[in-house]
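Worksheet: the structure to be examined is printed underneath.
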Amino acid sequence: MKSEKSIFKKFRQKAHIIIYGTNTVYGRLFDLFLLVVILLSVVLVMLETVQGFDTKYHDQVVFLEWSITIFFTIEYFLRVISINKPFKYIFSFYGIIDLIAVLPMYLSLFLTGTSVLTIIRAFRLIRLFKILNHPQFTGQSLHLKEAMLASRGKIVVFIYFVLISTVFIGSIMYVIEGPESGFTSIPTSIYWTIVTLTTVGYGDISPVTPLGQFVASFVMVLGYGIIAVPTGIVTAEMAKTNRKHPEINKKNPCANCGTEDHYTDAEFCYNCGNILRND
Amino acid sequence: MKSEKSIFKKFRQKAHIIIYGTNTVYGRLFDLFLLVVILLSVVLVMLETVQGFDTKYHDQVVFLEWSITIFFTIEYFLRVISINKPFKYIFSFYGIIDLIAVLPMYLSLFLTGTSVLTIIRAFRLIRLFKILNHPQFTGQSLHLKEAMLASRGKIVVFIYFVLISTVFIGSIMYVIEGPESGFTSIPTSIYWTIVTLTTVGYGDISPVTPLGQFVASFVMVLGYGIIAVPTGIVTAEMAKTNRKHPEINKKNPCANCGTEDHYTDAEFCYNCGNILRND
Amino acid sequence: MKSEKSIFKKFRQKAHIIIYGTNTVYGRLFDLFLLVVILLSVVLVMLETVQGFDTKYHDQVVFLEWSITIFFTIEYFLRVISINKPFKYIFSFYGIIDLIAVLPMYLSLFLTGTSVLTIIRAFRLIRLFKILNHPQFTGQSLHLKEAMLASRGKIVVFIYFVLISTVFIGSIMYVIEGPESGFTSIPTSIYWTIVTLTTVGYGDISPVTPLGQFVASFVMVLGYGIIAVPTGIVTAEMAKTNRKHPEINKKNPCANCGTEDHYTDAEFCYNCGNILRND
Amino acid sequence: MKSEKSIFKKFRQKAHIIIYGTNTVYGRLFDLFLLVVILLSVVLVMLETVQGFDTKYHDQVVFLEWSITIFFTIEYFLRVISINKPFKYIFSFYGIIDLIAVLPMYLSLFLTGTSVLTIIRAFRLIRLFKILNHPQFTGQSLHLKEAMLASRGKIVVFIYFVLISTVFIGSIMYVIEGPESGFTSIPTSIYWTIVTLTTVGYGDISPVTPLGQFVASFVMVLGYGIIAVPTGIVTAEMAKTNRKHPEINKKNPCANCGTEDHYTDAEFCYNCGNILRND
């Protein structure tokens, strides 16, 4: 009885190290294997929708799909068992994603017409974002995140302004062009405005009256111009973030005159010629 | 007589606090309610243009539309009554918008064929811009405004240059491609030039002759390149604005004179020379 | 004889002041009038190509066109007469433009089928660029020019790289897609590549094979990414140009410690608390 | 015997100077000639695919093509002979390109149906990149390269994020729109997502259901917004690179140790502490 418990305890410990550990060899190998299986799983979901592929390789696809599902099911149970607070994992964001990605396959056994649901397996992709927490990415993504968060406020104001303009321009274009040019309703007109303002320009709807083309030209120039705003916001924040972590040594002020912005390899203060302490 | 006047005075005062006040609880609630009603009103205008929707929910739409119109009419009169200088409000930008947004509904009672006019109700959207004056937005929008205003001069020069180029390229493409390729006139050709230069690219008109495609390629590369100009202008201004108000400075006001925007490495207040506490 | 010469001399002098002068009242009025006539002339050229307009207002258009042509002819002769070195003007860039813009109208009298040539009158537009030399624009356009010229070298390298890539990708797509998808020849394929790389995307030619769509996706992401390069170049130059003419006072170093980047309204050095000399 | 060897040696030496040398007159002339022949060769490859051209000028094209091929064959052998370590060249990147670009023409003699292979001659274009190593380009391209390399990490994270989003949005749009709107499979849906996200917008596939258009609008705004990220990354890096090598510093090398990159306001060399002459 005791030994059984300790065997289970050891097994749990090992599973924890392999599944949750990122610093051990086995942990890293497991992460890599998981990455490959997720990618394979997503590629399968994609290929199944390609006409002709499913009929040709039906048996192989089903076999692979079930192998992957069973693998993820085992992984899910191991994750639940090997963690100290299982419910915290089960109700965590990634816990729910893990469950949701596995369920549709089992549901398809009992229910017909759930083929649409199996696309939910593509949710596994979200787990790939976790990789951004790995050491080699952390620095860069933190840098990006910091700049994004800092510019959040300005971007909200910008999007608010753009949205209102979109509804406004959409209403005007609906009146100018009317249903016979493809502007069948204000929502469709707003859709056209967004297509134009973002410079996507499908051409499924396009103005045909001279006045409509004139207003459209104005919208295009506006869209072309205001792209400068989010770019400006993010760039300015990034330049600031860069300045906060610069290669030029801000930490080494001259002991004599206090000047701060010396090159890292500077040995003398460029302002007063005093020898710099290089720690 | 006297009490009646004082009742009216009190009512006016209360109305003023609720309608114009943004710092009281009722004032804020009223603003929030107004926001919801404006959005609902705009959504109604939009949905009415969707085919099938109007015929299905005609009665409900008419009821809601009249409720909203009556609400805005009452609000308009309260705004006029409760302010000290009513004519200043009536002839102000927002005063005219408020009136214009309400009138079409009443006009539709007496005149037929004014359904187009009812779209004017979408003008209420403009009032949503007012929200940008609310405290939580002010900082960010001021920041954006400042950068925009500072880059105004350069942007005018840029747009002037682009407009002339547009007319010029449009004329050349009209000669090269001619009416049979869809370049039916110079104005249409200019429209095409703007569609191409802003990288929208509907494809409703596109060059078919080799020379036309060659010139078009040149226009595209030009458009792709000159997008750098407005972006560069706005970004440079934003970086400058950021440098003028860096976040870090806000945390260290001078204990003597209260000046706030010091450099992080400042040891003395630049305004009064007082020593700064650096925590 | 003498008086005649002096009358001509006086007339020449007056003409010179009005036509070439930009600081006198008459000179400015003439410039403004010229601006209006040029715009009118260009609008006429544009409208003549609009179907239906020419047949409707043929007489008025011909009258206006001839009035403008005669006005520009007189202006041309006055420019030649009133300048000290007439040949320098005649063979200058703007001198040639002025002549070229006037000639087609006279040619159309003697030759038929020169209607295409009359579009050359749109060349008058180029004279509008001269306005950028006016004082109120000079500062801003110089600023822009400076940033452009400074980034010239990098932009040439960038365009060189893009052009080679374009030919390369065009050749690959021609092999992948072939004539039946619209990629009829390598030049057409290169045209498609430019349309895609610059994110214009007409859709007149678009890949239909899976491999072609895959390569196209790669081209799009490339185009989306490399737009960062010209933007980055110009922005960085603009930020530098801004830094060279900053509002923050670089000219006022602290007499005590030499720190330089004080606010313009600073009265004390933030570094050592010394009083600043404010000139 | 001896003299023959020395003649070959001299010939080898001369060939080496002409082919590999970039500082001698003959070396430069040869480079220029090579540039022209490569461009001619690429233009020929392009024109051969234009319908009608090949049938019209078939003999001239064949003659030119063979002349160029023989020239490049001779050049290839000279390169192999005149270098000290021929195998190092043969198996180098440019050595393989040189061979690959010459072979298809000879293959077309023995094998039919290799016309597709002759497009491989366009690979010669890659040799044009070598020109970027020439002195007049080096500074600028190094500058660009440095900024690119420095932003590599952030760009990888960004592309990783965009790719996952693309697969995710593609799957969702496939479910929403379905095959009858042109979203025939998830890979096609992903292709559409990339076309939309990069603001290319061909319009060959475009959403038709209201929900699909709504999600598409969201994708467009996302694409319009996230273009700010690569631009921000590259711009911030370029501004940093500019700051590290500002033009002004180059003019003031230290008289004592020759260090060049001083701040304009530096009075002492940061490397040796020597007083700088500030002219």
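The first chain written gets the first letter, and so on, giving A, B, C and D; residue counts start at 1 in each chain.
Here, a residue touches a chain if its C-beta (ideal position, glycine included) is under 8 Å from a C-beta of that chain, and two chains touch if they have at least 3 such contacts.
According to UniProt, the chain labels map to these proteins: A, B, C, D = Ion transporter.
Worth saying up front: this structure is predicted, and the values here are computed from it rather than measured.
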Where chain B and chain C overlap in contact partners, by chain label: A, D
Identified repeat of the A-D interface (over half of residue pairs identical), from A-C, B-C or B-D: B-C
Greatest separation from chain B - chain, by CA centre: D
Rounded Å distance between chain A and chain C, as computed from the means of their C-alpha atoms: 41
Centre-of-Cα separation between chain D and chain B, whole angstrom: 43
CA centroid of chain C to CA centroid of chain D, Å: 30
Chain A residues counted as touching two or more neighbouring chains: 187, 190, 199-203, 227, 231, 233, 235, 237, 239, 271-272
List of chain C residues in touch with chain A within their complex: 199-203, 231, 235, 239, 257-259, 271-272
Contact set on chain D toward chain C in their complex: 42, 45-47, 49-51, 116, 119, 122, 125-126, 128-129, 132, 137, 139-141, 143-144, 147, 155, 159, 162, 187-188, 190-191, 194-195, 197-204, 227, 230-231, 233-235, 237-239, 241-242, 246, 265
Chain C contact footprint on chain B (complex, rising order): 153-154, 156-158, 160-161, 164, 167-168, 171, 174-175, 184-187, 190, 196, 199-203, 206, 210, 213-214, 216-217, 220-221, 223-225, 227-229, 231-233, 235-237, 239-240, 243-244, 261-263, 265-273, 275
